[in-house]
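Next come two complexes, and both contain chain A; in the first it sits with chain B, in the second with chain C.
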Partner chain A sequence: MNATKAENGFNWQRMVLKLYPFFVLGLLLIFFGVLTKGTLFSSRNIKNILESSFQYLIGCMAALFIFAQGEQDFSMASNIALSAILAAMISKTSVPLALVVALVSGIAVGCACGFLYARLPIPVFFLTMCIANVIAGFLGPMTNYQSVKTPVSMLNLDNTNLKLLVAVIFAVIIYVIYNKTTYGKYSRAIGASPVVARLSGINLSRYKFAAFVFTGIAAGIVAFFSICKSGGASKATGTMFHFNVMVAMALGGATTGGPKVKFRCAVIGPLIISVLTLGMNLARIPVGMQNLMKGVLFLAVMVLSDRLSRFDVD
Partner chain B sequence: MKKMRKVLAGLLTGAMVLSMAAFTASAEDVELVNFKMGYFDTGSQDGTTVPLRNNLVAAIESLGAEGVSVQPAGNTPDDYLDALDTLISQGVDAIALPWVSFMFAGTPAAVKKCEDAGVYYGFYWGVDVETLGEDTLAFCQDSDHFMGCFYQQENDAAYAAMETLHNYGCDKVGYIGLAASNELQENSRDYGVLKACEDFGMEILVEQRDQNVTTTAEGGATTVENFLTAYPEMQGIVIAGNTQFVMPGIDQVITSKGLTDFKVAAIDFPDAMETYAQDGVLVYDAGAHVTGPVYLTILAANAMNGTPLITKGQSFNQQYIKLTSSEEIEQWVSIADEIVYNTDELLQCLQVVNPEFDVEAFDEMVRNYSYADIMARHHAE
Partner chain C sequence: MGTVLLKADHIYKSFGATKAVVDFSVEIMSGEVRGFIGENGSGKSTFSSMVAGVYKRDDGTMQINGREYVPHSTVEASDNGIALVVQEAGVIAEISGACNIFLNKESRFSGKLGIDFNEMNKAAAEALKKVYSEHVDPTIPCSMLNLEDRKLIEIAKAMCDDPQLLIIDETSNALTTRGREILYKVIRDVKARGGSVLFITHDLDELVEVCDSVTIMRDGHYITTLPKEEMIIKRMRELMVGREMSDNYYRADTVKSYEEEVVLRADHLSAPEINDVSFELHKGEILGIGGLSDCGMHDLGKALFGAEKLDSGSVVLADGSHITDPKMAVEKRIGYMSKNRDTEAIILQYPIDENICIPSLARLVRNGIIRSREERELSRTWADKLSIKLRSIHSYCATLSGGNKQKVVLAKWLGNESRILIMDCPTRGIDIGVKEAIYRLMQDLKKEGVSIVMISEELAELIGMSDRIMVMKDYSISKILDRSADLTEKTVIEYMI
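And then the complex of A and B:
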């Protein structure tokens, strides 16, 4: 029936369902723009939106491949904490070296997760949770249960323009790999059916491994900019990051992983969360009501997502 | 002549009354500067956050200010820094910063943001000024906007908990608390517990610090069951964190086993604490350390009205309410919902209203905060 409609003309319902995250973001911008009498669009608040969504933009984009493969990475928060602490420790010697350490640490943990994911027949959420716990266990003794401070000069690197540039470059790279290379296509194929993908000759281990390298890179980037932002790192750095990435991806339209996960999900989701959080605070909505509104919005997204899957919109 | 004297006496009396009235400015006579006081509100409904929020809102309204709150997106320093940006973007004049939420990691950035924005700021639930560290102090040491730090003596609260257990004859105890930390070594609850062990010859038989266990009532019940199985000689438990979560389970196990001599001393007030006191289980609790933001509002209000109490940010020793018997706990619960400082008391903390109020008087007020202090101010016979 749907196919018939589509053949006969433009299917509005299908279009709305396909682009609903954009509508949600647009409605939120209009709603809070009116409610805050335009304050939401002041340069400072635009900057606030970009600042607060930066780390989740990076995290969501990197997690696209794992989501496409129908899995999730629960080790990202611990990976960020470890990378941030190591980078903060080395930052007293050299700030560029701190960036390198953050990236190497993030990638190393990503590789460890990827290797085990590719080799062991353990559910990935369980595997990454175990790795997260192992890392968390190290963090306390490693830091002597203290925060690690960075040189104050690093706070100057907390620059919105720099973050924007990094996010754009990262987005272009991820977009190309996800949409234009065989790696992106094969990741989606694995998400659709690992068995079929394997029988089609796809090297599952290789693609599974690489997916975690991306989240490792993201963890390194987020860790570095986190210590630039706060002036230090502790075992609390990055807390709940993986959970927030999942929520952002869901709001962006990727409530379930698999081949239907689109690049746009990773961009729209973090922006929706940032606009929602900032808008409610600027509109002085009481905290209890804020939680209620978030709950209603999340529920609405779930219902829409369910409709989406029934219509098989791709 | 007599008539003239009467007229002169009348004139003199009138002049005296007028001059007294002129020097004793009542609160109604003073037009207070309206300013925006920013704060963070997590929306939590626990026994510490609710009175903290209620007292802060009451203080803001009493001192002629407007409250601006934001809900951080999460619990990391980064989330709080984002929320701080939101507060600043709303044009707040002063901000109460919960140090514990920024931890050490986010403190320099928070201070820099406030300094750059030119807003008054100070920390509560944290450390003294010196402990902020050189990096942070470099931003705020000579600042006109830094109001200081309000910190509570964690070691004292823990020490008193152990002392109370000792007084009840419980020297062999189990420990339930937060993950080991020496972030504030000299001012940590652990330090107070260890010091009490040395002073009173007490012994910690076993510890439970697993957050996965100590954040549920079931975890509390399981923990105490395990403690008692492994150490039948155990006489009591000190809870140095997550009290609100574990206490229901602990109380249930102890009462169901009929362990009338087994006592619990805790830090942070749990919900329904009177029940645990009535059961004879809870004999000490320290909490209601909710006045830090109120004090920061007082400092901000004085500064905004052109009569700053302090010229340089300094440390103030904020107090816990320490309840040292089941009876005291029950009595406290009956007044726990009260606003700690009423409008009249708060207005007297403004120099424009009460010129004699100075930083010494303020410091004394902060140090005097206690159960007895509240009873004396609000419930004197």
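And then the complex of A and C:
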């Protein structure tokens, strides 16, 4: 009798739905591993995967709080461009100071967004888009529409081990804050129901503000390593960053706000994108076909996510 | 009564490990008004949802008028003449009543230039007239209507195609006396033209008045079906809960009893729907607040918790602090149980344990980190103490029945060691077993010195539980009545209207 099926304890469907981003990553690794006859797993390519994941890992982990609150930050790309340009300008004086400037600039923009988000009754989408446009408007004249070069010595900081160390430290800090402090828990509660959250004694303004401070910090870090890698900054630095963070989070399983936004989403999503991109490049798949495959994968994940939302899977 | 309209045979339905409906068989005749009763979580709503095409059954068969019936959607159920009026909000707030009534039936009003909204509005007005609700404007967004008028929109939607079987799932909770009268007239109309009604309610007096027979469910199982002449309230209660119950579950004492100490003072509170309200709440007191639904009592409850912006006045605690927002109220150990449980009191798409712990998290932090063990203990302790029926403490609250959701709300505030509890309609829409448990808990809390403000639309509950009853009328206090053996509903009503 069907009625008794569910009583048998372990439910495969639930487990697959709950962990589907891991399955997607696993399948991609196997698929491209076979297609490239194992080349994907060479130390150089593993390094490439980690290298290309770095900025989105930082961006996704910081954006966890905003995603948990059911919102998104569309100002991240402009924030990265501004922070990168300012850091590049100051890097000629002092490289450590460039890092400080990148962080301060990123946090300042984050604070401005957070303050307006917490105070104004404007949807975040419009608010952060407007801020992104305001910043973009300044960047051209600020740089005379040219890229700002950094000292050659900064290229030495474009080091995979250093990035790995930064990513791990950042991951540990975000993991603890997201899972072990009231910031993470309250953010998820706000995303699930701001009304109940408020009536449970949560100060919405404070946590809405804090969420943008995290993305501001991420913008600063990404901006600094971006100029280390490219040797300069321009108004195009960070283009589409927020969009890629959104896609990575969705591929990682965070398609709605609230309790379903897990820390693992921010780790798995960027890795999926990196493996997919590198795998397709190694398999010499034409660019048009690459876009098609990305589109199909994204669609499949969205369908899975919709199925997931109908289940009581946390 | 005529032929068999709906026949359900050995129906099963499970959600994960929870058996919601087990081997359930029932027959409903055409022209019959069948009541469905049972404790929260007994499977009434699950069964009716299967009939209405919301859920698919796991096993068993259903027949409508002798034909096999396997609805895959509510649209298919509607095509088979089955309409459902749901327990919670069933309209889309952002669109008009007319658009709600004819949702998915817009093609009826197709014109050369798209949908003819004038025609749709006219038809909606007719549909509302048919359910004695001409006073509801079908052209305005439902968000501008009160809860009762939204329910009437839903009833009009269900009735617009003259269903063979009308399922009403705990709808009367959201209706005033006037709304209920309308609902009863609609039920009589369905019956008069040979249709059937499946009527789910926790109000047994209403059930006896409206139904021809009643089917009782317990823990997903069929218990029995009683004909009209055997519908005796005490017997139905006992069949529902599976044990003997006392007739009176309210307080046994008849005089007010609380300590002199004032724990909260409302000082000339004024807001758009509160007019110069002042009173004192004492330690260990149950202060009942009663009145008509729109008398301002619900706004007053929110104001006491700092959730309603005041034009003037203040809420002052014994230590002299003024409550200005919910955060401060929670810090001062005040708990607020909203009457809108699913939208204001608990987060449905959120785990039970996390719902319970939300107000207490700040207390569980050491060096900035939440102590996970204490968090786990807190949620488990209160889930156990209040006997919340759950399949896992990590399940979402949406999986719980109404009474168990209310227990989660209670656990949430008791877990935070609340010393003042503001309970707005604490027993609304919950079964007799949970009701009894809540009344018992209130008496225990009173003994422990917890002060309770109980806002209620049920006079029996107000009289049965309160030390004092503050009656409100037109946003002001019209009278404060002391607990007494002589206090009657009539006396309270006199000051309400």
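Assume the second predicted complex is superposed on the first by the 306 of 314 C-alpha atoms of A that agree within 3 Å, B and C clash if a C-alpha of one lies under 4 Å from a C-alpha of the other, contacts with A are read in each partner's own complex, and residues count from 1 in each chain.
Going forward, a contact is a pair of C-beta atoms (placed from the backbone, for glycine too) under 8 Å apart; a residue touches a chain by one contact, two chains touch by 3 or more.
Because the structure is a prediction, the values reported are computed rather than measured.
J.: May I ask you to decide whether A:L86 touches chain B, chain C, both, or neither, giving the answer as first, second, both or neither?
T.: In the superposition, A:L86 contacts neither chain B nor chain C.
J.: Would you sort A:S226 into first (chain B), second (chain C), both or neither based on which partner it touches?
T.: After superposing on A, A:S226 lies in contact with chain B but is clear of chain C.
J.: Contacts for A:N244 in the overlay, against chain B (first) and chain C (second): which applies, first, second, both or neither?
T.: first
J.: In the superposed model, which partner reaches more residues of chain A, chain B or chain C?
T.: Of the two chains, more chain A residues are contacted by B.
J.: Just to be sure I read the superposition right, which of the two partners does A:K180 touch: chain B = first, chain C = second, or both, or neither?
T.: After superposition on chain A, A:K180 lies in contact with chain C alone.
J.: Tell me the contact category for A:C113 with respect to chain B and chain C: first, second, both or neither.
T.: In the superposed model, A:C113 contacts neither chain B nor chain C.
J.: Have a look at where A:G258 lands relative to chain B and chain C in the superposition and call it first, second, both or neither.
T.: second
J.: Once the complexes are superposed, what residues of chain A are shared between the chain B interface and the chain C interface?
T.: Shared contact residues on chain A (touching chain B in one complex, chain C in the other): none at all.
J.: Which positions of chain A touch chain B when the two form their complex?
T.: These residues of chain A touch chain B: 39, 42, 44-45, 47-48, 51-52, 55, 140, 144-149, 151-152, 155, 158, 226-227, 229-234, 236-240, 244, 273, 277-278, 280-282, 284, 287-288, 290-291.
J.: What does chain A use to touch chain C in their complex?
T.: Residues 1-7, 9, 11, 14, 176, 180-182, 185-186, 188-189, 192-193, 195-203, 258-259, 312, 314.
J.: Which of the residues in chain C end up touching chain A in this complex?
T.: Counting only chain C, the residues touching chain A are 12-17, 19, 22, 58-59, 305, 307, 326-327, 329-331, 336, 338, 343-351, 354, 358-359, 361-362, 365, 368-370, 372, 394-396, 398-399, 412.
J.: Mind pulling up the chain B residues that touch chain A in the complex?
T.: Contact set of chain B toward chain A: 41-43, 68-71, 73-78, 81-83, 85-86, 88-90, 102-109, 112, 133, 135, 138-139, 179-183.
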